[in-house]
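The structure that follows is given in the form of structure tokens.
Labels run A, B, C and D following the written order; every chain starts at residue 1.
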Amino acid sequence: MAKRIAILGASGYTGAELVRLIATHPGLEVAALSADRKAGMAMAEVFPFLAHLKLPVLQKIEEIDFSGIDLCFCALPHATSQAVIAQLPRDLKVVDLSADFRLRDPAAYEKWYGKPHAAVELQKEAVYGLTEFYRDEICAARLVAGTGCNAATGQYAIRPLIEAGVIDLDEIILDLKAGVSGAGRSLKENLLHAELSGGTHPYSAGGAHRHLGEFDQEFSKVAGRPVHIQFTPHLMPFNRGILATVYVRGDAAAIHKALADRYADEPFLHVLPTGQLPSTRSIAGSNFVHLGVVGDRLPGRAIVVAALDNLTKGSSGQAIQNANLMLGLPETEGLMLAPVFP
Amino acid sequence: MAKRIAILGASGYTGAELVRLIATHPGLEVAALSADRKAGMAMAEVFPFLAHLKLPVLQKIEEIDFSGIDLCFCALPHATSQAVIAQLPRDLKVVDLSADFRLRDPAAYEKWYGKPHAAVELQKEAVYGLTEFYRDEICAARLVAGTGCNAATGQYAIRPLIEAGVIDLDEIILDLKAGVSGAGRSLKENLLHAELSGGTHPYSAGGAHRHLGEFDQEFSKVAGRPVHIQFTPHLMPFNRGILATVYVRGDAAAIHKALADRYADEPFLHVLPTGQLPSTRSIAGSNFVHLGVVGDRLPGRAIVVAALDNLTKGSSGQAIQNANLMLGLPETEGLMLAPVFP
Amino acid sequence: MAKRIAILGASGYTGAELVRLIATHPGLEVAALSADRKAGMAMAEVFPFLAHLKLPVLQKIEEIDFSGIDLCFCALPHATSQAVIAQLPRDLKVVDLSADFRLRDPAAYEKWYGKPHAAVELQKEAVYGLTEFYRDEICAARLVAGTGCNAATGQYAIRPLIEAGVIDLDEIILDLKAGVSGAGRSLKENLLHAELSGGTHPYSAGGAHRHLGEFDQEFSKVAGRPVHIQFTPHLMPFNRGILATVYVRGDAAAIHKALADRYADEPFLHVLPTGQLPSTRSIAGSNFVHLGVVGDRLPGRAIVVAALDNLTKGSSGQAIQNANLMLGLPETEGLMLAPVFP
Amino acid sequence: MAKRIAILGASGYTGAELVRLIATHPGLEVAALSADRKAGMAMAEVFPFLAHLKLPVLQKIEEIDFSGIDLCFCALPHATSQAVIAQLPRDLKVVDLSADFRLRDPAAYEKWYGKPHAAVELQKEAVYGLTEFYRDEICAARLVAGTGCNAATGQYAIRPLIEAGVIDLDEIILDLKAGVSGAGRSLKENLLHAELSGGTHPYSAGGAHRHLGEFDQEFSKVAGRPVHIQFTPHLMPFNRGILATVYVRGDAAAIHKALADRYADEPFLHVLPTGQLPSTRSIAGSNFVHLGVVGDRLPGRAIVVAALDNLTKGSSGQAIQNANLMLGLPETEGLMLAPVFP
């Protein structure tokens, strides 16, 4: 019998992506959907692309009976999430897609998010949801914190290289290209089609992006010493996909081998043959990650490129992958959808 | 055990879309792939988005052993298809995605395609593949002709209205907006990103588009008298999706009821509530069709709008739907993938 | 010496387009800019693409000294405009880009805009700004009302055909494709890149669009009897450009001749050779209009297609063309910029 | 009286962009246009966006009478250009837009372009066309070599920093985002809308891009020692614009000052206030360059970003700027067109 799922914050893109993926997931069924301002509406009104599905009407969170729910996805805005999760039943399995539980250190949280954490106890309990690197902990977890979508992309490219000791830890530059759906469905002038299409620009440049908190936390943990990378994202005129171009110091062959070895048995990570580099088009709509490596003409330098879909592997697909583990289902169940091209 | 499938012409978009859909279809497996000029290459070289799949290497058609094949999809160019299918084993089930077997009348074929048909016997045998209107014949068919993608969209909007007698047969105008993947992967200047993005224009205007052959054939057959519509398509700066805006004479409520009644039990056709109109975004990547009706301010006139994905419901999804029927599988198997939004 | 110009509502797209065009207009200079909520900001902060220009700081309207202003462009929201213009000096020349003075009949205004007009006296005074058809009146006018951008496009295609008596007045269907900048810089979910790119959909279908008020007024006036067309616009995933596809009854050659004759001496209107149809890409960024005609396969029917840039010829370019006339400058001055392609 | 201009290779994008700019240039007129395969056609057939202009019919090069030509733009493919220019009158002023005369060292040419140069004498004569850095030489030149569009963008960001000695010459990484029109109008699968839109990918990564030849030549010359940067471009799903993100070592304030000082009197170069970074949207369609600097969170590191339009400042606008100098016209004449936004 399918596990019963609640999705809080179902009127945003990650909420909708969860529903899209669960639609063909044999082991999960959507039992409750919340959307505060849109409570009472049908999901098909909010997202006509889901019109073919029988779905519960949107409710306010407080109207949901969590007693029959096996797992709850929290796709709420940052800061809201910690308050809501603190009120949920303590034995309810939760996968949070917000930024609220990504940073384990309350001081780091306060530094990057500008105010103290309101649920420090939960913060301690939360497991960081980068599945391929926290699989055992996730299987046993009650509360899993989904990673930042940029943070996931960068880590897939860099983390195995730190583990394998094949790059200079003080010389890592991540130039990232991010599709616009990562910014969510919020009404901002710079997200309008007329403003965004047909060009590109950097944002949060030079070390201002919050996902650096995750990079610092995770890379330093893996390295056993502080690691601080350079990271500048660029807003792209397309909806889905992140491309991370990482400039590192090290031997390209050793780097390629480190990635290929680390991901050899991973169902969603695909390391391309040496010299071949990924495109976001080749993973859009799917839970797959493509990785590639080329040596630079300057000796001892290499470029690592990773591509994933920010809404799927970067958030909602990752969330379901983690939920599969937490619920004892096969890890890849419902997630083997091929990318959509063209 | 999964049915063994061959795909001829696998290096084009409809070929790739077949592979994408079969990837998560539990009842089908790809046993052979052909691509004449790319024979010897791996599918992942031609379409890196399929890199996660284990697929046979591309072959020339003459290298394929059809003895173990249960059904063959023919995604070859027009005119090539009829020559190739004529050489295939006579008991091999075939779904053709080209234009070669859509028109039953050899004279009509010659009129619209400019030369005599080279396989007139097969032409007689072929069943027109608009599943919802030829289901019984398709179940029993050996050779099914996939419809034109524009032709399918227009027919979903108009055909039930002719059947129900609720519109004026001499006053049907179809203004169609077609995504560019319908033009295939061919190297034409007007299909370059720099030429096509950021604007729109009509093409084959005023009655020059070949899919009119299908409209004439099918609408006249349903009406029992000649029906000739006006049809002008416009090339859209997006990859997937067709929107058909149909201007008709008739009562909007009667028209809406005719569509709703006709499609009430159809798994892939979704008639929106009166007054609500579809968007191509809400069906992209899926086998679903959305339909809507509004009355015009001018009494006795109405507008019917249909949207589908040209690569899925307009060709490869339709082909698999038909193959399911021909192979005795559940009709919707492998085709319930939700649209991808945003 | 250059004429001194004020632009009210300079923080929207039509305001910015006015500045863009005036930047290389030898006879005009920007003397004052208003933007209510952004007063105090530099124009380059609001629109970095104008950073190379020396421009006055944004002010509140009440801060502007109109005594030295030769002409004022009003690019304010609908309804605001009538209130503001009523407060301006009575001898100040004004070109209004809003919808407030397009409809001469107060009842028609109330019908289409939902409330009574607040400046009925001014409404009487206003000249409808479709330059090629109101040139003499515009030369003598103090207050000119810019047309709707869709309304302009449709009129360029249809108006000469009514004048020439070459089409059936009761059988005019206008299927329009509108670029998104026509919707302005307002924060609406459906205007986000993630919602709008990659697809299309109709809106205000079946006779609900306000520009029908203009069509009704103008076409009926030209015909000397009521003319009511069908008009359904579609939102396009590009920023600039409107394509009007008009289905009419009449002889294609006569129709082509009517357009070619009418526009023979018009500097901005270009009728393509028979059978050739326009693309919005070929006029984007310019004040030019391209028109084309094809006969339909159904005898006695034809298709007329017009393309213009909604921000230029559809609003701000038109406004400057009218201002040139009102100020005694050459009509084409500053407006001969070539379209931008690709 | 306007100078008479010939454009060889007028059927490509840079040729068309030259015509677009000359259309409103008071000092230049198009006297001859060549296009080998399209000889005999009107320019408006090849580029309908130029339909409003009176232009000479396309000819073969050998049909052009160069005796009355003041200056010839050569917008021919690489390698073709050197052969053609070698046959032109020796006193004809020429601005070449190809790669043929960018590299002064024949060995460097052969290394990057794969075969020996066929006009080594001309190569010696050619002046490198980066106007702001070779202004005096260009004024006196007969043959000017237009720079690569990526090469121009990178040099605007980096060159003043080398001149000023404010960055570490061995630690320069250029991550570049390039609009697709830079690839020209050639028929390649990867340039199709269906392949290119909606995503991004790197190309010529790790030091394989030919524009590195220019960077090496110029940066080493300025530094007085070999300088070799890392350079990886990414293909962007938009038509116009290049964004160069440059990672350097140095003090951000000193870097900003070096740029601001160097470009203080340059009419087309605009250094944004510290902390503000450019967008390609803000320069598209114009000859302007926007530059910005931010310090990184890692001490001693900074990010410099430059944006320009590859077809304008990156090639055809630059070419006209150089032609203005060569012909004794004001440098900015015809080039002050504002960018087009949105």
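Here is the rule we go by: a residue touches a chain if its C-beta (ideal position, glycine included) is under 8 Å from a C-beta of that chain, and two chains touch if they have at least 3 such contacts.
Predicted, not measured: the structure shown is a model, and the values here were computed from it.
Counting hops only between chains that touch, chain A reaches chain C in a minimum of 1.
Each chain's centre was taken as the mean of its CA atoms, and the one lying most distant from chain D is B.
Chain B and chain C have centres, each the mean of its CA atoms, that are 39 Å apart. Averaging C-alpha coordinates per chain places the centre of chain A 36 Å away from that of chain B. The set of chain B residues touching two or more other chains comprises 13, 181, 194-195, 197-198, 237-240, 278-279, 281, 284, 342. Those residues of chain D that touch chain B in the shared complex are 13, 180-181, 185, 187-189, 191-198, 237-239.
Interface residues of chain C facing chain B in the complex, by the touch rule stated above, are 173, 175, 177, 194-195, 197-202, 205-208, 212, 228, 230, 232, 234, 236-241, 243, 245, 247, 277-281, 284, 294-298, 301-303, 305, 307, 342. Interface residues of chain A facing chain B in the complex, by the touch rule stated above, are 13, 16, 19-21, 23-24, 47-53, 181, 198, 239-240, 268, 270, 272, 278-279, 281-286, 288, 290, 336-342.
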